[in-house]
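Consider the two complexes below, in which chain A is the common component and chain B and chain C are the respective partners.
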Partner chain A sequence: MTTESDARDELIDLAADFYDQFADGEIPEMTLPTRTKSNIEYDTESGVWTYGDRTSTRSANSVRGARKLLKAAYTIEFLAEQLDEDRSSTLRELYYLSESWDNDEAQFSSQDESNDLVEDLEIVTGVTREDFHMRPEESGATLMGPLLIREQTRRGEREIHCQEDVGAGGYQIPNNPDMIEFLDDDIDFALAVETGGMRDRLVENGFDEEYNCLVIHLKGQPARATRRITKRVHDELDVPIAVFADGDPWSYRIYGSVAYGSIKSAHLSKYLATPEAQFVGIQPEDIVEYDLPSDPLSDSDVNALESELEDPRFQTDYWEEQIELQLDIGKKSEQQSLASRGLDFVTDTYLPERLDAMGVL
Partner chain B sequence: MTTESDARDELIDLAADFYDQFADGEIPEMTLPTRTKSNIEYDTESGVWTYGDRTSTRSANSVRGARKLLKAAYTIEFLAEQLDEDRSSTLRELYYLSESWDNDEAQFSSQDESNDLVEDLEIVTGVTREDFHMRPEESGATLMGPLLIREQTRRGEREIHCQEDVGAGGYQIPNNPDMIEFLDDDIDFALAVETGGMRDRLVENGFDEEYNCLVIHLKGQPARATRRITKRVHDELDVPIAVFADGDPWSYRIYGSVAYGSIKSAHLSKYLATPEAQFVGIQPEDIVEYDLPSDPLSDSDVNALESELEDPRFQTDYWEEQIELQLDIGKKSEQQSLASRGLDFVTDTYLPERLDAMGVL
Partner chain C sequence: MTSFQSTIGDEEGIAEELAEGQREISIAEFFEKNKHMLGFDSGARGLVTAVKEAVDNALDATEEAGVLPDIYIEIEEVGDYYRLVIEDNGPGITKEQLPKVFGKLLYGSRFHAREQSRGQQGIGISAAVLYSQLTSGQPAKITSRPKGQSRAQYFELIIDTDTNEPEIKADEETTWDRPHGTRIELEMEANMRARNQLHDYVKHTAVVNPHARLELREPGLDEPLKFERATDELPAETKEIRPHPHGVELGALIKMLEATESYSVSGFLQGEFTRVGKKTADSVIDNFRDVYYGRELAWSPPRAHDDRDVANAVADAVANKGAEATTAFAEGVAETVSNSDRLSRSELATIVDNIAETVEGDTGKTFGGTVRENAVDAAWRAITGAGGEDDDGADDDEDGATESPLVADAYALVDDATSTRKDDAAVRAMAEALARRFENLDGDAFRATLDDLERLVADAASFVAEQHDATFGETARENVVEAFWSRARTVPDDPPKVKSIAGSRDAAADLLEAMRTTDILAPPTDCLAPITEELVEAGLRKEYDADFYAAATRDAEVHGGDPFIVEAGIAYGGEIPAEGSVELLRFANRVPLVYQRGACATTDVIKNIGWRNYGLDQPGGSGLPNGPAVISIHVASTNVPFTSESKDALANVPEIEDEIELAVREAARELKSFLNKRRSMQQRREKQDVLGRILPEMADKVSEVTGRSRPDIDGALARIMNNVSVEREVTDETVTLVVENHSDVNEQLEITDIVSSEPTDLSDGTVVDMDGEWFVQWKPEVPSGDERELTYAIDGDADFEVSVGGVETEKLTVNA
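Our next item is the complex of A and B:
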């Protein structure tokens, strides 16, 4: 976690670079890694995918380019002020706020433009959006399990035990999970669960209590805050992370975003990705082995599976085998389809068997 | 709130009706209100829209009809057992679970079929799905404000203050909000907020503290649990409810589902709808008055507005005036567009002015 004053310094340094370039009679510019699939590389040291060496340059040598740097300078001023005042805002608020800026040329013409600029600033400064105090629109995960946390809020500190001090809905993590400190825990592993229905099943069946498991609700494609908290649980509490999702290509992408990071945010992989995270299922193999109720693969499912076979992040023996098998059987199953064996099958049989086979239990 | 044994009795009574019809040599049948737009009526006493007098009959006089009643009988058995054991399940689990039933004819062929059947059972028995212990897939609202609640969980009771005992993310209500009891509060009014970005803005600016306001996060189109908790806050705590959403036809529907209920769940209006809820904005009038950044209405926006003009639930002077104005100016604005006047404009100016004009403050 970067401190507020560090984040502010990084931003001011960038603006100072523009100033120095001007002062030296140079045309100001900003250099960024090229953000395409062909420029992501596996970093063997950290085990995550990050940008490669290719770069692109934003230069003020055109009206368009100059306008981009002007907008960057205004945004830097706003963010520095926000950090000074210990306030925060959303990406959408930034977009609208630009309408109040005195220079029309600095105003954003679309939300995409302001979103992209904030990403550029993250990449160039090496500071995350959260540390600029930019909040996401979507709320992050809820946690349920034997974990005592302390959250820093603007209303003071809160100590919350994620089983004893929360209702059945669990503990709602804040937008910036780095405001949380882990105080104490009795966690053997964490299970990151795709759907609300399955998350509630695990909590109802007391799976978190019986197995000392921290249940993290991914809520579909996980928000940045959810991926961040998952990584912190892994790194700081030194426990295995297992991802439990539906058995279809879209859910493998959910696993992928937890484990490998995304192309769009490869600059954040070290901060968000948990390469040690393992996939519990539903595996295509499970559909066969447990004879689960299934739906036929649609054309877009098949396309997505084929595109995953091409994706460097899925080029492991395990994934190639599972994806080939799925294309072969032409079926997908949801995690809740385990209910066809009764409501306790998932907690009494499926998860213990799978987690044991994976070496988690 | 219906007790578990009441809910169970209502279900068993329905199965007993089938039995008695058989015993009397009659063809078993089940009678339901017709669930179409033309059969919803305004109930002046309760102020909500409910089904009118027209009914449809499900009879066992065809194979198709007989199969429907067979499925109903199996589902009743499952639900009665679930209530006996004080367990719960999701709609999706019920669908998959039917694969374990001994009679193939009783198994559901699609999730829509099992969903519809559970709705039928709600209507016929007058018991809500939540009281059958059927959990929704989506999670409900978070609350932030001066409210002390007691939640009944399977792990015992939890007393939680929705400002002092929660993090910045607030209190996550359980899937069945009737498991909550309101113990104490200092609430002057509740504000139900559409977007996460605006919810976070209000919390960051301390709006809940300054105005003794309970902030309810709707998360877009609100889940049943969210509408239920909103109604209970209104009825039990006797405070006004104000809905704060974007200024477009889809957000007026969000307001409508809080205030009037939906056609699909008109049988639940008395349980879910809060007819006294008022719309704060963004009003089309606000777009003009506050000169908010806006987007042009799309064709589908225009169609949706025109369909709202035809909708009996929107046929009030207020809504006709606002919708006509919006069609006239051809613009829509998001709630976060208030940030174009600065991050504090919404809490320092807009909401106090609007809530005062509405008589809430």
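Our next item is the complex of A and C:
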């Protein structure tokens, strides 16, 4: 892990590269791995997906490229100052802050643009944005289960038990999960749950207590902090991770980003992805087997499934079989559809059966 | 006939009754009924047409006299009427001719001439006179001063509408300040609603006649509109040409045949038509013979040992010439005959004549006409089995034992001409059927026209189809006809004399067909006076303030025997309004066409060109393009095909449309490359503007962040812009200009450095002293990606001023 002054030095070095390019009469540029689906590769050593060898160059050769680099120069200055002052800000704040810059050309036209730029800087400098003190807007996961942690907050250290010291909502992890330390636990496995409704159902039914399970609420597409804490739970507590999501293509992507890393942050896959995580369901197979209430696949669902078939992350026998089955039956089901068999069906029957089959229980 | 008709039915005297209603139509009535055709359908349009006719005449007259036109047009309101005055500086019109020129419809010098001129019909100006007199009751007032005369002649005249003759109301001598020229004054019922068309007409006339000076005054103008001349060069003088053989019609040809003084067809053709010399006349006559007389079919002579013995036949036919001469003659004929591949009867006759002459020379025996004729008959019979006494013999029976010698020949040709899959029996049947039909032709020379031959082959084919159930399809029949026709010989007969052709409509039609089927050079083009590329452009340049001009003049082409030339010009940008569709200027023989744009072939062609390819906006990909452009099209011809007598729109003649398209595309290609270049220069400028702002700011920011001083970014900038950079380095007493070429092409530069103290030790280049300032000049060629150093030495301080040429300013970064 880099230190704050390391992070600052990396940024200044990048600015110095631009300076030298100017001074040599060359066109300033920065080279990045190409961030597309076709340029991610499976890293056999770590078992995660990272960027391949293809690169793209942001060059001042064109008006677009020059604007990007100008924005980069301004952002470098801002981040360096922020680190100097030991403050932090959110990605959204950076976007609005650019409005205050004295140069119209340097202002971001959308938040996607500022987010992308911060990711570019992460990649080029090898420093994570958490170390730039940049926070995402959305909050990370909540945890519920037999785990005792210590969190380093701006207001001092706190020791928290994620079952006994928290309300029904569970423990809210901080934006930088590396600020917490695992003290003690009684966890047999962790279950990462996509939707709030299902998480609440598990807690209400006492699933965490009954099975010594850490329930991680993913809150849809998981934030980086969520993925990081999931990886730490797996690596440091040595427990299996199971992902429980809806039975549709978007939810498979949620699983994919937990297990294999996302395309946009493939440079951080080794730090964020948990390749050992397993998918519980809802599987297309379950829709058939449990005869779950379902909706027909929309056109965009079909496109997403087909695109997943081409996604290198999903090119395993298991996923090809499941996705082809789903395309075949043309149906999708939500986690909550299990309620059609009664409110306790999920905790009494479905999860025990599935987890047993997966070898988690 | 009349008496017969008048007794039809019981009513008497119908014809007489009808006759009472039949009378000569007066010219005034004719005009009244047809004034729309002549361009006088309304008061607004009548005024424009009158101006147009008068100005066209004035331009024709001045050019013919070799005078640069100087034309004055004035329109005045006079009570309820408008008065129109047109003055020119032409050669004037003689006192005798003047009344007829202005006071008689269909009187003119142009109608019969094949020469490019504005007026063609002799209607225009007299129609204007008639219109004026019919609407205002006033006579036309005409002043003309022929060149070299001290006084001018003044006429007032009206047209007698019953007789179509001028009626002179006043005729007196007068003084006029112009040294020569003509002035016409007409009063007419009119209005100025067509002011735009009037202005367009005058302006466009100026565009297309850059050698003319025009001035227009009319009530709506505070200042007269003046159009100055752009060139002192008169259009090339045009020559009148005779008609081209491909451009006459049957009626015209018969008239020419009747009128000519030539006796022979060859003389007639050479004397009355353009592009016809002896050789061309001969080819026309050969074609004419084929059409008129038909060809003689030619047959293979018997080979040696054949039982058809030419020598014996000839010998038998000759009597009383002695054995020696007879044998020499007979064998001579037989040998020559057997040496030729195929023979027609005429060719045989020639051979016989030749041999007879030779034998006469050798033996002193005379072979007279009758002997020769007998010999030809006999030999021909031996070759073809035709003619003479055999005609009514039993040999010709269709199932007779002796087969006609023609059959073998016909068989070979038919077999050759038809596909190999044809049944042998069918081919033989066809050959036999053909041979029989050939034998039945009139005379024994086997003469047939192509039509006859086609009919004959078709007939034989249907006979064969009936009798032998073998079809000879259309292609097979055509091939057979072609096989016989191409082996048939043009007859040596003299063509009929001109007089007899003139007297026979069929013969004249045959001659016309022969003329049309003969390849003849395109008519000469000195009867045309194109404006020329330079002057098309100069005309546009004069009247339109644009950023870009292009013009193209095509080579002459022919339509219906009349030569024509198409020219096109394009002006783009500048002050030309960008809204709406482009302005289309149409000209025919240097006359602007103002009305009926939609009916004009030029408009059709423009609409069908894909203008997006050439960088103009064209909604929907067809139709008139939009944008700040003027397209002008000029068609010059000895006979411009108009859609109507009022000469407003070109007819859709494919040859002319093709040329218009090619001319316009030629000019449009230049427009395209101009627009592409301008677009890329504009993009380059924009890029330069933006990067010129962004990169210094970026440099500032990185120097701020790194805490270093601001870097020099000119090198990076020049490289980004693919530019040529010129940078000055001065060390002690040496001045160096470093020229770097970052572009992807080699650059040929012209660099001038103005120095305030004397430069020495130049690295090539030249230096010129100009009153204490020194101009140092280099012309380096710098390859793409390379650099050059230009150096000189100075003594002490100096001021410099460098200028760089040979490269667009957008591509140049100078830091010196």
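Going forward, the second predicted complex is superposed on the first by the 325 of 361 C-alpha atoms of A that agree within 3 Å, B and C clash if a C-alpha of one lies under 4 Å from a C-alpha of the other, contacts with A are read in each partner's own complex, and residues count from 1 in each chain.
As a convention for this text, a contact is a pair of C-beta atoms (placed from the backbone, for glycine too) under 8 Å apart; a residue touches a chain by one contact, two chains touch by 3 or more.
Values in this document were obtained by computation on a predicted structure and should not be read as measured data.
A.B. asks: Tell me which of chain B and chain C touches more residues of chain A.
C.D. replies: Of chain B and chain C, B contacts more residues of chain A.
A.B. asks: Under the stated touch criterion, which partner chain does A:60 make contact with: chain B (first), chain C (second), both, or neither?
C.D. replies: Second partner only, chain C.
A.B. asks: Please indicate which partner A:215 is in contact with in the superposed arrangement: first for chain B, second for chain C, both, or neither.
C.D. replies: Neither chain B nor chain C is touched by A:215.
A.B. asks: Once the structures are superposed on A, label A:138 by its partner contacts, choosing first (chain B), second (chain C), both or neither.
C.D. replies: A:138: touches chain B, not chain C.
A.B. asks: Kindly classify A:105 by the partners it touches after superposition: chain B alone (first), chain C alone (second), both, or neither?
C.D. replies: Touch partner of A:105: chain C, not chain B.
A.B. asks: Check the residue A:360 against both partner chains and state whether it touches chain B (first), chain C (second), both, or neither.
C.D. replies: neither
A.B. asks: Scan A:83 for contacts with chain B and chain C and give back first, second, both or neither.
C.D. replies: Neither partner.
A.B. asks: Return first, second, both or neither, reflecting whether A:18 touches chain B, chain C, both chains, or no partner chain.
C.D. replies: The answer is second: A:18 touches chain C but not chain B.
A.B. asks: So in the complex, which bits of chain A are touching chain C?
C.D. replies: Per the stated touch rule, the residues are 11-12, 15-16, 18-19, 21-28, 60-63, 66-67, 69-70, 73-74, 76-77, 80, 103, 105-106.
A.B. asks: Which part of chain B faces chain A closely enough to touch in the complex?
C.D. replies: 87-90, 92-94, 96-97, 99-100, 135-140, 142, 151, 153-155, 158, 160, 163, 165-175, 179-180, 195-197, 200-201, 204, 206, 209, 217, 219, 293, 334, 336-343
A.B. asks: Taking the complex as given, what residues does chain C use to touch chain A?
C.D. replies: For this pair, the touching residues of chain C are 686-687, 690-691, 693-695, 697-699, 701-706, 708, 711-716, 719-720.
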